[in-house]
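Note that subunit A is present in both complexes that follow, paired respectively with subunit B and with subunit C.
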Partner chain A sequence: MVVVPPVPSSFSGGTEAIALVVLLTEFAMLRAPTARSQIRLYAFQSLAVSALAVFVAATQHIDELYVLAALSFVLKVVVVPGIVLRLLRGTRADLAGSNRFGVATMVLVAIGISVFGFFVVGNLSVHSHSLPAPAFGLATAVILVAFLLVILRSDVVSQAVGFFSLENGVSMASLVIAAGIPLIVEVAFLFDLMVAVVVFGVLMRVHHGRGRTLSTEALDRLRG
Partner chain B sequence: MGWALLVIMTAPFAVSVVCYFAPVQICRGLTLASGVLTFVLAVLLVPAKTTTALSGWLRVDALSIVFLIAVAFLYAVTAVFAIGYVLPAGGNGSAARYNRRFFAGLNLFAWSMAMAPLVNGLALLWVAIEVTTVVSALLVAIDDTDSATEAAWKYLLIASMGLGIALFATIVMYYAGSSVFGGSYELFYPKLLGVAGHFAPEVVRFSFVLAVLGYGTKMGLVPVHTWLPDAHSEAPTPISAMLSGSLLAVSFYAILRFYQVTVRAIGSTFPRNVLLAFGVASLVLAALYLARQRDLKRLFAYSSVEHMGVLAIGMSFSAPIAVVGVLLHVLAHAAAKGTAFFGAGSVLRKFGTKDMSRIRGGIGALPWSGPMLVLAVLGLCAMPPFGIFRSEFLIVSGGLADPRDVVAAVLIVGVTLAMLGLSWFTSQTMLTPSPEGVVRGETSVWIVVSMVIGLAALTLLGVHPPGQLSDLLHRAAGELGARP
Partner chain C sequence: MATIELAPAQIQVLQVLTILLFAPLVSGGIAHLEARLQGRRGPRTLQPYYDLAKLFRKETLVPEDASWVFVVGPMVAFMCYLVVPMLIPVLTTFPLPLGYMGDILGGGFILALAGFAVALAAAETGGPYAQLGSSRAMTFGALIEPSILFITFTVALITTTDLPYFEAAAARSSLSQAIRPAHLLVALAFFLVVLNDTGRIPVETHASTLEFGMIDEARTLEHSGPLFALLKWGSAMKQMILYVLLVNVFVAPWGLAGSRSLGAVLLAIVALIGKALAVGAIFTVIDNSFSKLRLFKITEFMAAAFLLAILAVLVLDLGGG
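This part shows the complex of A and B:
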């Protein structure tokens, strides 16, 4: 049974506000017109997730989370966007036209799927001592919209950023329901993300080098 | 035997680093030595109940060893095959660089797959499997053709998204455990299994579905299998063999670890139903797709989807004999699919194409690997005396003992359909007269040797599995909750 306090504490209010910012950034990514803006939005979203880690660390007195927040800031706000932007230097960075639907349709679909995720998780009666359930629902919505981003945008940058932001959604979920997860495990997750980013970057470059485009429209040779 | 775990953890990794800098002759020898060493150590671990190292961060029990043997066997045999398959570089600098990268990648890939059953806990398991993805995606792209780049991109993206879901599953399972252990704890298996009965049922259910969906993406379960045929067909053949024979198995291992916890927490009905749905979809769709393939390696890729469906269906049966069959199937599939891909590699070398409409008279052109490829395909079709016959026989026996015995009928129909597709194309390409101008002869003795080893293992598993292996399979089935 979910116990809902009559007035949300400043703690739950704060976490939910940050979670909402993360979700709204995900929506903004759906319509980002250039590779540069897409990656900046990712950096901003990562900043919000790092801020959430600091907030949880401060209010729940989990000192390890400060280390995680710092690592997350360095890697996801500075290093990853830096690497991706560097790899894309010299490419035609315009992503306009990679939308499979109009912006309005995409946002409506995203709203629908977020609501679905939010309420499905709400029905799970997941409640944590460390953080309130709505933030977990918002994290699930971020994960689902990240899938939409990958499905509805046909360019390699949006698809890669879709994966990175999915990881942000999962990080947020872990802060919400599993804040005490051992630091070594969290660091392993982050390290893995770094390796994945490099491989994504290498493949993006190879793709651009072969086709002179960031679009995935030409990736249709292998069928059946 | 803790030292054996440490050697497995270090040897392939070290060889990978050396291969990046060493000449190709040294890479070949070192890769073979490392493969054989890993396999021997995996076999030495068989009698022990559990072995741990590094203060419990590494731990193998019977279930882990089954999968470790599948990975190590294929690593060793692929090392033999790769000696014959990778052409000598000569004086060309870029070819030498390709070879070095290839061997470094092959060892790193084998290392990451061996680490998955070695590590103790759901979190580190996820890390190991994510590493397999990034390494193998680079190996799929290594040929640097348009098709290889496309396959690698799709593979990396789809598998990474799947693993994102698997990470979510891990975190939800962590949350389920925090109701017992409090805020901070390690996700070690014995610890989780000991108290899984106290976890909140709906949370465990949610986590299990996410895990099957997430790791199922890597395992090639329909409908999240779409990367698999592309990656298997475009990767260099030794990598295709490892992708199919061991990588899919390792992902299945991850699902089984979640299954283990879920069964203790909420009983076996729910997880079995979930696996049944994915298993039937995979088997039926793959059997239908098999009938319309034109590319030899894609044909074997869809056969892998079919066999992963068989594994999932096997786990959905309640009879313990079916679970033993599933675990034997993992080993037999590794041997059979490895051999089949080695045969495909031999055909590719000989005819210069994977297009089955342009391959004729395989048996005439390839006096050794041709017939062995046909035998491997018969093995994949579950013909006696090969291992897959025995494993599918056990699974079907378990299915007939199950209240839902109609599933066993679906299984038999699906496997038969798949057999039709596989045997039709194999007879078209291998059992027809050779076209003029094709010189009879093998391209490399190493390719033949690797296929002989694969077929011998497959036959051994079918005719008379060693006593200690049977004991291992029963112990592993017991760990999965199947008690006779």
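This part shows the complex of A and C:
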């Protein structure tokens, strides 16, 4: 009498579960009250992406991905958050006075844009045996919400963390769509990230040095 | 030894009686545990029964301007709480005759009707805090509604029905069903809904005497005597109904009676009380670990519940979940 519904395969279900954790972390960053908690969330999100790389490597038998997982763990979980936290040392710990909207509004807007991302992925009609469509949709949602994080929160750290987590979304998408792409391409993403860390590091230091604040609201006072 | 078989109708009555009789016990157990966690000795576990007995012996005082709604409201609410246990899997894995009478939305409507009756009775008093409470309860009830809808959609997408029995049966059928992402998301979302609907931290301090922070609690301030007893008993029953839904449909639909034998049903009653107390213990730990959200921040909590529920629908929509 009871119809047993189909369950996703363990590969699809596993990638989906990890991708969900990544997306929920992205939402948590959107509402995180302090810059430091945002960076800790970023480190956690990167840990989840590394775990996804290990999971894909183990289930699809692609050994290169273990190297990628190790690299991304060292860089994105340890080095980048460490550098940014170091840069923030000595700055005034801003509470989230930087929101243009309330938290509930931001989350609703982000839900709206994630739904858009999901529908786009759903209508792409990519049908593949090995492509877990939900994980791809979740990666798209991570990228879109990362954009929102950059747009809606007006402090330098949010913009940096938003950009870094955008990279997390992209590397997650590449892991689920094209797990077999050459390692050098994946590592190039990580290299991009290092450049971004330097650029955003300089931005943070200069902005804080000039304006005594991390809020971008003060940027228009820098005229002349 | 011959096993005694119960008729489905008898089990149906037992479901209602279980909720009716043991809801105060669960409330008392939770209050006791909570006091222990805070380092107090606390009331004894059976205290809610003594409270109810005392209140039923007292006289009823009605505010001068209040009409019959003031008296009827608590009774209607109490009757609603007696109807809901017929619709949900309280004791058995198999649907009972009246189980098909209403789905999750039907149960939700009846619970909402109860909340509406209590709110009307509170608004009728003219007391400012009771009115404030009923206004807030209605507002936040409306705000949590989208999450409940999307939880129902998820259940419908997974089981192609929206009967709570089928969701529980799907989760029971295999481990991969029980840990599929959509099921976990919807269980978590429903957990947050229960947290809101039972008036727990971070939404409401349920044991506070400070009227300004009250939502559900403030509604009963003007009632006294047997009517107040009905309201208190009703809120204990509502809490247990929500725990039953959380445990027997989403989180742990195990330990229910699979047959109609008397022993299995009695065992299911004991297991249910144990599970309800376990859920209560989790809520108590949350109660003691977090602080209450400011009233205007409660929407953030609602947004989180909505996010989880809508993600469950979205991943199912893409053929995953």
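Rule of thumb we're sticking to: the second predicted complex is superposed on the first by the 208 of 224 C-alpha atoms of A that agree within 3 Å, B and C clash if a C-alpha of one lies under 4 Å from a C-alpha of the other, contacts with A are read in each partner's own complex, and residues count from 1 in each chain.
We take it that contacts are C-beta pairs under 8 Å (C-beta built on N, C-alpha and C of every residue); 3 or more make two chains touch, one makes a residue touch a chain.
Here the structure is a predicted model, which is why all the values come from computation and not from measurement.
A.B. asks: With the two complexes overlaid on their shared chain, look at subunit A and say whether subunit B and subunit C clash or fit.
C.D. replies: fit
A.B. asks: Of the two partner chains, subunit B (first) and subunit C (second), which one does A:Ile143 touch, if any: first, second, both, or neither?
C.D. replies: The answer is first: A:Ile143 touches subunit B but not subunit C.
A.B. asks: Have a look and say if subunit B or subunit C is in touch with more residues of subunit A.
C.D. replies: With both complexes superposed on chain A, more residues of subunit A are touched by B.
A.B. asks: In the overlaid three-chain picture, which partner chain does A:Ile39 touch, first (subunit B) or second (subunit C), both, or neither?
C.D. replies: In the superposition, A:Ile39 touches no partner, neither subunit B nor subunit C.
A.B. asks: Have a look at where A:Leu30 lands relative to subunit B and subunit C in the superposition and call it first, second, both or neither.
C.D. replies: In the superposition, A:Leu30 contacts neither subunit B nor subunit C.
A.B. asks: Of the partners subunit B and subunit C, which touch A:Ala133 in the superposed model: first, second, both, neither?
C.D. replies: second
A.B. asks: In the overlay, answer first, second, both or neither for which of subunit B and subunit C A:Phe189 touches.
C.D. replies: So A:Phe189 only meets subunit B here.
A.B. asks: Please compute the subunit B to subunit A to subunit C angle from C-alpha centroids in the superposed arrangement, rounded to the nearest 10 degrees.
C.D. replies: The angle comes out at 150 degrees.
A.B. asks: Contacts for A:Leu124 in the overlay, against subunit B (first) and subunit C (second): which applies, first, second, both or neither?
C.D. replies: Only subunit B; A:Leu124 stays clear of subunit C.
A.B. asks: Please provide the least distance in Å between a C-alpha atom of subunit B and a C-alpha atom of subunit C in the combined superposition.
C.D. replies: Between subunit B and subunit C, the shortest C-alpha distance works out to 17 Å.
A.B. asks: Using the superposition described at the top, list the residues of subunit A that contact subunit B and also contact subunit C.
C.D. replies: none
A.B. asks: Could you please specify the touching residues of subunit C with respect to subunit A in the complex?
C.D. replies: On the subunit C side, the touching residues are 158-160, 166, 169-170, 173-174, 176-177, 180-181, 184-185, 297, 299-300, 302-304, 306-307, 310-311, 314-315, 317-321.
A.B. asks: Please name which positions on subunit B make contact with subunit A in the complex.
C.D. replies: Spelled out, the residues of subunit B in touch with subunit A are 123-124, 126-127, 130-131, 133-134, 137-138, 141, 144, 146-147, 149-154, 156-157, 160-161, 164-165, 167-168, 171-172, 174-175, 178, 182-187, 200, 202-203, 206, 229-230, 233-234, 289, 292-294, 298.
A.B. asks: Where on subunit A does subunit B make contact in their complex?
C.D. replies: My answer: residues 62, 124-126, 128-130, 143, 146-147, 150, 156, 159-160, 162-163, 166-167, 170, 173-174, 177-182, 185, 188-189, 192, 195-196, 199-200, 202-203, 206-207, 210-211, 216, 219, 221-222, 224.
A.B. asks: For subunit A, which residues count as touching subunit C in their complex?
C.D. replies: Contact set of subunit A toward subunit C: 2-5, 7-8, 10, 12-13, 16-17, 20, 23-24, 27, 31, 102-104, 107-108, 111, 114-115, 118, 121-122, 132-135, 137-138.
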